[in-house]
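Two complexes are shown next, each including chain A; its partner changes from chain B in the first to chain C in the second.
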Partner chain A sequence: MKLKYGLAGFAGMVLAAGAANAQISDNVIKIGVLNDQSGLYADITGQGSVLAARMAAEDVGKIGNTTVEIVFADHQNKPDVGSTVVRQWIDQDKVDAIADVPTSSVALAVQQITKEKKRLFLMSGPASSDLTGKACSPYGFHFAYDTYMLAIGTGTALTKSGGDTWFFLTADYAFGHALERDAGEAVKAAGGKVVGAVRHPLNTSDFSSFLLQAQNSKAKIIGLANAGGDTINSIKQAAEFGIVAGGQRLAGLLVFVTDVHALGLKTAQGLVVTESFYWDMNDETRKFSKRFFDKHGKQPSMVQAGVYSGVAHYLKAVKAAGTDDPDKVAAEMRKTPVNDFFTKNAAIRADGRIMRDAYLWQVKAPAESKGAWDYYKLVATIPAEQAARPLKDGGCDLVK
Partner chain B sequence: MMQTRNLAILVALLALAILAPFVVYPVFLMKALCFAIFACAFNLLIGYVGLLSFGHAAYFGGSAYIAAHVAKVWGWPIELAILSGVAVAAILGLMFGALAIRRQGIYFAMVTLALAQMVFFLAVQAKFTGGEDGIQAVPRKVLFGFIDISNEFTFYYVVLVIFLAAFALIYRIVHSPFGQVLKAIRENEPRTISLGYRVNHYKLLAFVLSASLAGLAGSTKVFVTQLASLTDVQWQMSGEVVLMTLVGGLGTLFGPVVGAFVVITMQNYLSGFGEWVLVIQGVIFVIVVLSFRRGIVGEIAAWWKARRNGAP
Partner chain C sequence: MFELLGIAPQALFGQLLLGLINGSFYAILSLGLAVIFGMLNVINFAHGALYMIGAFVAWMLLQYLGIGYWASLILSPIIVGLLGALIERTLLRRLYHLDHLYGLLLTFGLALIFEGLFRREFGSSGQPYTIPDLLTGGKNLGFMFLPIYRGWVIVASLIVCLATWFVIERTKLGSYLRAATENPTLVSAFGINVPRMILLTYAFGVGLAAFAGVLAAPIYQVSPLMGSNLIIVVFAVVVIGGMGSIIGSVVTGFGLGIIEGLTKVFYPEASTTVIFLVMAIVLLIRPAGLFGRTR
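For the complex of A and B:
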């Protein structure tokens, strides 16, 4: 059974006649991009991630006389759909590596399968820091960001830059609680104070009572420990209540540049977010983003940049090792630092976490913005050692 | 005559089921079989008693969580894990059924939906379910202590046996005197009461049976995909089973099986179409509802019957 191969993505496009490369199984390196193509994460991942993977394959170039093929599928954010696709990719379609996979529940399922069947897993979309913690795998690499980075980055950096009293607006389930806990600890460690918190049910449409409590708390920062539609709704309604205009600041713990694009600067202005990538960081990122924008019509998100980073690093490792044997490639990937247009010499830790810097950004006011997609200004840089959870605290059994 | 024809069809289908994994990917087949059990369980209630439950995800997902938990955390063997899943689904069915059958029509559907949402809430909040991450990496090692089921090929036949057992049970239920009373309730409830049947007892028993079978589907599915997640217990799952049953044919024995295969196939094969998959699903659903009111199997059966009657 063939899963749809999209436009049968190819990139290496090398079919040079010549001796078959015995080291690469069937002369094809197949990378499966599994993500959300239609739901709430389609903007930050989706076809953009597929494009990023193709661009990475193009940039790495020819590997011996093998073809690099990029296939993709939609997991609809359902772990069982995702795990069926991945099993099939590995068992039948001989896929060598899986990339992206937003939605932590799907990623955890894929991590399990790739560990069991020995395939590389280049994570970019999922947030859960468990993926390099108790659910870590010798074949799993976490490229773009994780919940620890989001919580600690925003909590620490913002507190140090003067936002020392916090009030949390938390989605009432495990993910929200974890974000609130991690960010709260970071705030306290940086000398700040958490003055209160309110829990809202998942998928709430009316935030007025919660926002009024947040407003009355007089905290300088309102931390949004929620995700997706809840974050969007709370930011929109906060704007209606004039919370930012009244001097308080909103800190989104899980907000992406595409969310800001959807909200518009008028609503999102003043929001503080942590991301490890923004298209307008330097000449190299602008150059990449322009190439990406020309094909996709949108600037790349942090997750899409992470997919590029993961696929490029994987293919370079295959090239260097001269084989697609998963154990050898994984060893090669760990040995070499990650280098690409937004990553400079980032080491890979034993638990699979890529040690990259994170950045705290503030969303510009409409007057400050010079045009479309000019959204962020840099508040602080969070060095990799601070942005990643200490190795020993993760509970990963690969760490001795 | 009728009997031999049915028997021939059954044998052919069985042979097909036995040979299928040589051609089609076994994991996909197992998943479809699990959903076929689920849809048959749902159909038992709507097709034969006329009760539209909109909360069957509660039994499917609830038992999935229980089976996953006892297998992974307590280390119970798979057969006990599946049985405990079914037991919990039966208990849930008894409690929810006892409340829901006091009402009829849309109110019945709303009560079942509300109760199922409570189960969903519990699944989101409870510690043991792992919240939105679900229970991952459920072990699948041996059955009865000696059959190695870590291989997908072998496990397919285990799932097939479970499916056949469930299907045979439903066949027995529908064709028993008990089933006749259920159909009588569907056709004319006041009349059934006037004939001296305790209608509520029958409804409750049918509800519990349906919930337990849905539980069987859920706990078997856990071992197929090796995970239990919020998807299993979400209200969309209750909706999906309605879709399967309607597409296949309401109140026919094979209808839900066909419907389950159609819907699961669409989800799998079309997953590469990205955002279009929902549109395609919607269009197919609209076509089915507009032009095959009786569902795929229902239409075929009606056509067959018309042909036989029309023939000299």
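For the complex of A and C:
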């Protein structure tokens, strides 16, 4: 005990001496990357997100005398596991900010805890638009994408190009429900009709039964409101059941470039996807992605790029505010537009949504691709104002 | 036409058939488990991981050596069978005199290690494996579109299940096996090498898992997680069928595939749960399983 007090006293003296970082508690800024390290979302998020966070810390550079520490944990896609980790991080390990957190059900739980305990929550992995809607928080920021953006991108584009009847294949949890709802609304707004939906449990390996129901619905478009391994298996098995050959089209509402890599272009070609990031967009994204690839062996996904975006913006705000006080940092983050290798002057709205452009991509045919990871061609750019749900419609109580 | 609970009969036939296809995988996997449990009294939790390795071996044979599906269907079970023999010889053998629980813990640990290694090497989203040319395409059966490959899965698994049943129940080798299960000391007194039979049985059971893995490779993504997704269900199948019962595991495998398939139509949200519900009910009524004997 004595030693502990002694150390605290010593730290106090050091703090008092260094005026620049006088406001940073315990001289360490600790960021916890919480995601799926072992399951169906591990390739989209996982260690790649941890690497992205480390790269962000490296790029922002020194903040006074403080050290930036990145820790990570596996939430196994279970809200209870995620909540326990986050509580421990905040209460015992003095973690200042939580990053990533794919799986909307886990993210919703973490949003609640970080709101209550006043810690910054830099979301990149979760998709549910409720996180900046009725579940918004003054400390929660949604960096990469959300279900509304996906719905507006893929849903509207396909409905307008003639796919006016939809059947949804939905992952049965918060994310799938939010995506189905948002996409359904986008389809209706574009003049289409939703003829049915079937909900499958998360992490299903056999989709044949659900695909057969989708096939029998005679809908022109089968909307896949799922993600990761579930989407990969749905697309693969849809090809097997001759769904595309039979005249129906698949809409992968949330497809990541890593999923396309896993499927192979032969199976994935022609898919229309919405993402806010692709490694091969411009020189800056290629430069970042090369750095990332050299360490990780895969190109970064949109989520991993979003983790970089979130962590870098947070650390810059800490630097500018000269403190890690959550309220002050959150205010600084809202005040400053987000700028990094794939984000240009994106404002942050009152509900925590980062206003970035989204892009509609089409997966190349094998003949068009110049080699590994050359997968997308740009179809359209969706400006941020269209890609984000109108501020007043979200039901966020921070919006007045 | 008549409708059953709001589902057109055509759709229902389709779903029954799909259930049968999934049941094929359950049947082959639970058959291997039953054979191993019957002979070794080991609850082989590594079964799912070895199924996954079977699929990966097929993928690697294609990727690195250019060996196609048909050869893999034979080679992969042999390679994984050898791995199984190695596991039995070096690890499992030391545990026979202990409680079941130790075998379970060991194989569970092995499963975690194998899965971890493959995940580290290949990532969690898996690798694509295409359907062999001969089996691509599908047939319109009137009530559904049946991919030829899925039809092949049912046929292949039925052949393997029947052959296994025949060998164990109707041949001399099988009678040795069954006798060795009942009373290993007495059988070895007749000059039969019981440890070698045990070794071969484990290798065979594990080879069956690899066979199922190769069958599954073109349908599902070849992913490090594919085994752990399946293994719990397969254990439920074995428990419902009666631990160690060969015919029980096959019949229950197909039967539960169908029940699961129907659940996917009537109440899809419960499709992963329904098997455990059945398990609970069966265990309440018949604690030894449907085809099991109380020891």
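Here is the rule we use: the second predicted complex is superposed on the first by the 303 of 400 C-alpha atoms of A that agree within 3 Å, B and C clash if a C-alpha of one lies under 4 Å from a C-alpha of the other, contacts with A are read in each partner's own complex, and residues count from 1 in each chain.
Keep this in mind: contacts are C-beta pairs under 8 Å (C-beta built on N, C-alpha and C of every residue); 3 or more make two chains touch, one makes a residue touch a chain.
Keep in mind the model is a prediction, meaning the values are calculated, not measured.
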Let me test your reading of the model: by the given contact rule, A:L40 touches which partner, first (chain B), second (chain C), both or neither? second
Could you look at A:V198 and tell me whether it touches chain B, chain C, both or neither (first, second, both, neither)? second
In the overlaid three-chain picture, which partner chain does A:K78 touch, first (chain B) or second (chain C), both, or neither? first
Under the stated touch criterion, which partner chain does A:K266 make contact with: chain B (first), chain C (second), both, or neither? second
If you stack the two complexes on chain A, which partner ends up touching A:Q213: first (chain B), second (chain C), both, or neither? second
Who does A:T258 touch here: chain B (first), chain C (second), both, or neither? second
Find the residues of chain A that appear in the contact set with chain B and again in the contact set with chain C. 38, 42, 46, 172
For the complex, give me every residue of chain C touching chain A. 8, 10-11, 14-15, 18-19, 21-22, 119, 123-128, 130-131, 137-138, 144-145, 147, 149-150, 219-221, 223, 225-226, 229-230, 261, 264-265, 268-269, 271-273
The chain A residues in contact with chain B across the complex are 1, 3-6, 37-38, 42, 46-47, 72-76, 78-81, 83-85, 87-88, 91-92, 104-105, 108-109, 112, 128, 130, 135, 172-175, 202
The chain B residues in contact with chain A across the complex are 24-25, 27-28, 31, 124-125, 130-134, 136-137, 152, 221, 225-227, 229-232, 267-278
Residue ranges of chain A touching chain C (in the complex, touch as defined): 38-44, 46, 172, 198-201, 203-206, 208-210, 212-213, 215-216, 228-229, 232-233, 236-237, 240-242, 246, 258-259, 261-264, 266-267, 298
